[in-house]
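These notes open a run of structures that come right after.
Each of the next two complexes has chain A plus one more chain, namely chain B in the first and chain C in the second.
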Partner chain A sequence: MAPSKAPTGHFSILYFAAASTFTNKASEHLPAPAEARNLFSKLEELYPGIKDKVLSSCAVTVNMAYIDIDGDDAPDLELVIKDGDEVAIIPPVSSG
Partner chain B sequence: MSTTESSSYKPDIPREPVIQTSEKIHIELTPNDLDSLAATRFVRSPSAGATVLFIGTTRDTFNDLPVSSLAYTSYAPLAMATLHTIATTLLAKHSLTKIAIIHKLGECPIGEESIIIAVSAPHRQAAWRAGEEALEETKKRAEIWKLERFEGGEGVWRANRDGAMGVKVGEREGGEEKQPEGAVA
Partner chain C sequence: MGPETVINSLRQQITSCESQLQDLKRQLAEAEYQSQQQRSNLQSEQSEHCAPYPLAYDFSHGVHDDFRAEILAALSQPEESIPSPKRWPLDPNEYKRYGRQLIMPEIGLQGQLRLKGASVLIVGVGGLGCPAAAYLVGAGVGTVGLVDGDTVEESNLHRQILHSAARVNMPKVESAMIALHSLNPNVDMVPHHGRLTPETAVSTFQPYDLVLDCTDTPASRYLVSDTCVLLGKPLVSASALRTDGQLMVLNYPPRPPGDTAGGPCYRCVFPKPPPPESVVSCGDGGILGPVVGTMGVLQALETIKILTRGPSALSDGLASPDPPSLLIFSAYANPMFRTIRLRTRKPKCAVCSTHATITPEVLNSGSLDYVQFCGTINPIDVLSSNERISAENYAKIRLDVNPFTGLEPSKDSHILLDVREKVQFEICSLEGSVNIPFSTISSTPADDCKGTATETGLESGWVSELRQHTDKPIFVVCRLGNDSQITVKKMKELGLDNGGQRWIGDIRGGLRAWRHNVDRDFPDY
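This part shows the complex of A and B:
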């Protein structure tokens, strides 16, 4: 699953399950630094409709730690995604 | 745009099992067939009077619709960390002797094992409870996704938290049904 290392000035983003289907990608590199608060709108620009159809039910991790960017008062809106970070879009899980 | 999968979708899965094992905890995500006997052997101990083994197998229907095949994908490094946290927590909470959680990745033929949980404890009550809790926590939290392919149709990403056909994420607006989920058992 490990994507190729992000080139300088970029972070990696991983798409799973419905997010992977919608983007038709398992991962890609996006420009860094980027503010977490703008992540979903950036993805909406790249993949129109993804916000409502997929992201609204997804969680987000940065370097394998969950961040909370849901709502105007969410604690991690100020977080800056840096060069080389690994971001993942985590749809509702379904193991078992 | 649909978020269902075409029938040709091939999930990206590790070729080799991903294993984290210590004296008391065994966590594994594997493309291979699951071995319930090996899990039982791992947790068996002279200090444990009870071993509970749960085997989850894939069903051939969902809401009466025939399922033709299933595949699991995962954010493996994070799922391993999550499963290890679940195991560590339950080991302490129920004073378990040992615990093993093993999940299948990739194609899983109908009727075959998709998850195995084995726990051992000095006494049966703790083993029963911990076994159930390990399964519920795994289903709720492990970063693993199931793609169900229906006969004559597309694949659908399931979501444990809403049961129903909910995972057709794109078609969920309005009339969303909540119901207990039961991918296994």
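This part shows the complex of A and C:
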């Protein structure tokens, strides 16, 4: 349910829709600080296969704001996810 | 045809006719009410003009009859014969019908007139499109276009609120128009039968002020968004699956491609389509009625907000008062709603940036293959024919001699493994089957096999359990016959076939084939 506050030295990560199905979690805490460019490889380590099956098409947000880390020249690769930040992995939902 | 079938068919026909009759009666009542309202308005206007006869008394004294008759005739001339400018901007019944929203400062008379003058296209008349259309037609949007190529199915009715049991098999567009007309006959409805294609999208969208994406595939979402950008139409997009929903107002303000002041499009937010094998439909993944209903209702709300803001907000005049955002609805989370701040247009977006490669000409030519862009999955066919058995032959094994092993029928002669998820297994299952959900099977590492894991005792529970009965053939079944094939492959990788000594195979076509060819009473969910 409501994600608990991240303990010191961690950030919260929320998984929506297909990301939640894949990880079998709604949220968790991961060590901070972390560079945005390494976020996907970190998650791939934890959940083998998630990069291709889920993350490749996802929107990613930090503290409720969209960040662009897609591609080698993406504007937010340098961004650092800090202690207490809230990251969200948002796969497109296309049904209706 | 047996007598039972005839009786059932007649019953169905009667229900269908009765419901059509009810619809017609409702429409007649509505029409009669309106015509009566108009008549009584007319009468009250007339009586206002001739009611008191103030001169009647005087005329009866000493005035010539002919002269008196002439004057009276002139006075009682009903005003209707002289064309007069419309006294009130809305029709009398509209004040009554829309009164509850009309008195709100957010709408007011101006807002209502803007709704009346607006035209909106709803692409998809399913779980999102039905509630969205109901509220927009209810609110008095002047023209509502409906696009859909499907027909109503019984499994739609728990969420697609415009359709009804009597209209199963009717085109959705037609069914929706019947419901919407009986809700509000003042609204002009435009049917667009058939699925939207790149070739038809531009001409279909052209006459409308705003578009609602109520479709259900990634390909249609990119097509709808691209078309809106190219034609400069605001897009209200929503989606839903299981317990989750998403809502975005896109391309708003609808500036031309390359103008950074315009709102982002679907490609700006989701530049890459999800891999096709990960795309789950409501039919496979499930959907809760109120979840998709909530999203459709919110689409109607955003549409009303944009339309009542006035024409300046619709064209490229004003910037949108709301920064672009993505609303996420998770019915079982707390909080249920989250709003994500989106960026402006993506500098390299394929359709709305200065680097755009998608133009109206490209779209019209049909050379853009949206289905290919989003990828397709070939039907799974990974097993050889001797690893598969038809539902009919499996039925024989349950009753007769096993054609593969020559064993006499017995409940214990084999293992029937059902790999549907637990919740589906609990709905209905074949007697004697064991359930190991496909999600458990696919998350078991493939190297969890042949020696190492078995010896170290770290093997997954289900694998070691199946390893215990080395002699029994395993028949794998699922809903449609795809997951069962993958499971057979996986079990062989795990060495459960003892190097080919034990037969492992799947039931072709799954429980759907079982229902079709063996047991018609097996539930169809």
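Here is the rule we go by: the second predicted complex is superposed on the first by the 90 of 96 C-alpha atoms of A that agree within 3 Å, B and C clash if a C-alpha of one lies under 4 Å from a C-alpha of the other, contacts with A are read in each partner's own complex, and residues count from 1 in each chain.
As a convention for this text, contacts are C-beta pairs under 8 Å (C-beta built on N, C-alpha and C of every residue); 3 or more make two chains touch, one makes a residue touch a chain.
Remember, predicted model here, so these are calculated numbers, not experimental data.
Enquirer: State whether A:26 touches chain B only (first), chain C only (second), both chains, or neither.
Expert: So A:26 meets both chain B and chain C here.
Enquirer: Check whether A:70 is in contact with chain B, with chain C, with both or with neither, and answer first, second, both or neither.
Expert: second
Enquirer: Applying the document's definition of touch, where does A:61 land relative to chain B and chain C: first, second, both, or neither?
Expert: both
Enquirer: Taking the superposition on A as described, I'd like to know which of chain B and chain C A:17 touches: first, second, both or neither.
Expert: After superposing on A, A:17 lies in contact with both chain B and chain C.
Enquirer: Could you look at A:90 and tell me whether it touches chain B, chain C, both or neither (first, second, both, neither)?
Expert: Both chain B and chain C are touched by A:90.
Enquirer: Quick check on the superposed pair: does A:53 touch chain B, chain C, both, or neither? Answer first, second, both or neither.
Expert: Once the two structures are laid over each other on A, A:53 reaches both partners.
Enquirer: Based on the A-chain superposition described above, do chain B and chain C contact any of the same residues on chain A, and if so which?
Expert: Correct list for chain A: 1, 16-18, 26, 52-54, 57, 61, 64, 88, 90-96.
Enquirer: Under the definition above, what is the set of chain A residues touching chain C in their complex?
Expert: 1-2, 16-18, 26, 52-54, 56-57, 59, 61, 64-66, 68, 70, 88, 90-96
Enquirer: Looking at the complex, which residues from chain B come into contact with chain A?
Expert: 1-5, 9, 12, 14, 56, 72-79, 81, 103, 114-115, 135, 138-147, 157-162, 166-167, 169-170, 172-173, 183-184
Enquirer: Please give the residue numbers of chain C that touch chain A in the complex, ascending.
Expert: Where chain C meets chain A, its residues are 124, 126-129, 214-218, 221, 238-242, 244-246, 269-275, 277-282, 285, 287, 292, 295, 326, 328, 330, 333-335, 338-343, 346.
Enquirer: What part of chain A is in contact with chain B in the complex they form?
Expert: Those residues of chain A that touch chain B are 1, 14, 16-18, 20-22, 26, 49, 52-54, 57, 61, 64, 88, 90-96.
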